[in-house]
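These are the structures, in structure tokens.
One chain, subunit A, appears in both complexes that follow, with subunit B as partner in the first and subunit C in the second.
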Partner chain A sequence: MTILTILSLIPILLGLFFFLVGTIGILRLPDFYTRLHAAGKCDSLAAELMVCGIALYNLQPFNLANLLVSAKLLLIGAFIFVVSPTATHAITEAALVLGVKPWKRPEKRYP
Partner chain B sequence: MKTRVATFTVMLIFWVVLSGMFDAFHLSLGVVCCLLIAYFSHDLLFYGDNRYPLGRDLLGLAAYTPWLLYEIVVANLQVAYIVLHPRMLELIDPHVIRFKTRLQRPIARVTFGQSITMTPGTITVSIHDDEFSVYALTRSGSASLPGEMEVRIAKALEPS
Partner chain C sequence: MSREINEHTAGEDLLIKTSVRLMVPFIQLFGLYVIVHGHYSPGGGFQGGVILGAAFILLAIAFDLKISQKYMPVTVNALFCNLGACIFIGVGVLCALVGGLFLDYSALDRLLPLGEIEWHSFGIFLVELGVGFTVMSSMILLYWNLSSGGAMDEGL
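Showing the complex of A and B:
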């Protein structure tokens, strides 16, 4: 275990945690739109964290070839950063236009 | 001309990173390709508008991104708390809010919309002229809009 391995494990494990939360959110939340919150959001942060962690881990041994691979990984991260919210926005608007009914909070749950 | 140089630079960096070859043949091939792309589609990547200097936009975005990342982390933890809460359905209250923005430039509005979507708990549904429709998961999530985010984007991208 080198220091770099431990340093890269931290973001990877954090990313795993947020992926887990996103998955639980998709299963637990009540309707299409609220599920999009969990899917689109926790996933984007989780994907960023994991890409950064893997890019760090990949730097050992440190040489030019590994540096280029890490740079490509960071480029993937940058694309996810821009594309993920765009996709979430497009799906939400499409669902609203098609008339998918949002879940409303019941007025009184416990009489 | 400025957008051509900027497009060429970005494309060349992209080429070098993706190819990973540093011999004369591959580099010259890349330069030729990037020149062609910069010549034909220079107005695609950078919005050609001489009133706003490109460098200032990039600096503004660079100053804005760390704050956005911090907000994303905080908001993600809030959504994680809601999702993992045993009585989750009592915490959430999905609703759509509408508000008007004072941002004028299209790029600033797009940045604002993307930032809202990126911070969990809120999704930008549509932007019609200056009216935003935002779908929020909780009341506290929508209460802070437009708020500090708009001010910071205005500082980064709007002419002062």
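Showing the complex of A and C:
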């Protein structure tokens, strides 16, 4: 275990944690908007962290070819950083335009 | 659950438009990279052409069909489609004319002596360029026709 492996483990494990939380959110939350909220966190933050961790791990024998691959991975990360929130926003807006009503807590009926 | 479509809010979103305007040049650059690096790394003419076409389809989705036809006019699109096919057939027939088989790139060495291995690489590059052009314009034309019912004037 080199120090770079340990350093790259931190963002990968954090990304795995956010993916887990996002998956639980998609399964457990009540309606479309809240599920999309969970999926959006998953897609942007967790994928970003995983890509950063993989780019760090890839630098293991430090040479120019590995540096190039890591730079490409970071470019993919930058692309995800712009695209994923936009996609979530577009889906939400399409649902809002189509008139999907947000979930509300059901009113209690007292006998 | 009632579904009433809000006409005035559909297709007018600043966030999506700004983000698409930011993304499209990089998508096109990546498409050219995939076409050019087709014989070294994963990718090639078809995949790069699809990415290039997707950039224009993204413009048509985020803005309007008119905007994408402003940046890629219909006649230029048809020209690209035919130019790609002509490049492919031209390289193949040229190989046959100088004494090799159809698409036998090493025969092009007799036309311009660069070395047979170099001509293999360069011939594949030319053919991939033709495939990329044709696939790009076919994808754009498919989207235009499908989204407007063949009229190509007003899209989704």
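The rule is simple: the second predicted complex is superposed on the first by the 105 of 111 C-alpha atoms of A that agree within 3 Å, B and C clash if a C-alpha of one lies under 4 Å from a C-alpha of the other, contacts with A are read in each partner's own complex, and residues count from 1 in each chain.
Definition applied: a contact is a pair of C-beta atoms (placed from the backbone, for glycine too) under 8 Å apart; a residue touches a chain by one contact, two chains touch by 3 or more.
The model shown is predicted, which means the values in this text are computed figures rather than measured ones.
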State whether A:41 touches subunit B only (first), subunit C only (second), both chains, or neither.
first
Can A:82 be said to touch subunit B (first), subunit C (second), both, or neither?
both
Between subunit B and subunit C, whom does A:71 touch in the aligned arrangement: first, second, both, or neither?
first
On the A-aligned overlay, A:100 touches which partner chain: subunit B = first, subunit C = second, or both, or neither?
second
Is A:24 touching the first partner subunit B, the second partner subunit C, both, or neither of them?
first
With both complexes overlaid on chain A, does A:10 touch subunit B (first), subunit C (second), both or neither?
neither
Which partner reaches more residues of subunit A (counting touched residues only), subunit B or subunit C
B
In the superposed arrangement, which partner chain does A:33 touch: subunit B (first), subunit C (second), both, or neither?
first
Residues of subunit A that lie at the interface with subunit B and also at the interface with subunit C:
82, 86, 89, 93, 96
So in the complex, which bits of subunit A are touching subunit C?
79, 82-83, 86, 89-90, 93, 96-101
Please output the residues of subunit C touching subunit A within their complex, sorted ascending.
1-6, 9-10, 13, 15-16, 19-20, 22-23, 26
Please name which positions on subunit B make contact with subunit A in the complex.
14, 17-18, 20, 72-73, 75-76, 79-80, 83-84, 88-90, 92-94, 96, 113-114, 117-121, 123-126, 135, 137
Subunit B partner contacts - residues on subunit A that touch it in the complex:
18, 21, 24-25, 28-31, 33-34, 36-38, 40-42, 44-45, 65, 68, 71-72, 75, 81-82, 84-86, 88-89, 92-93, 96, 102-105, 109
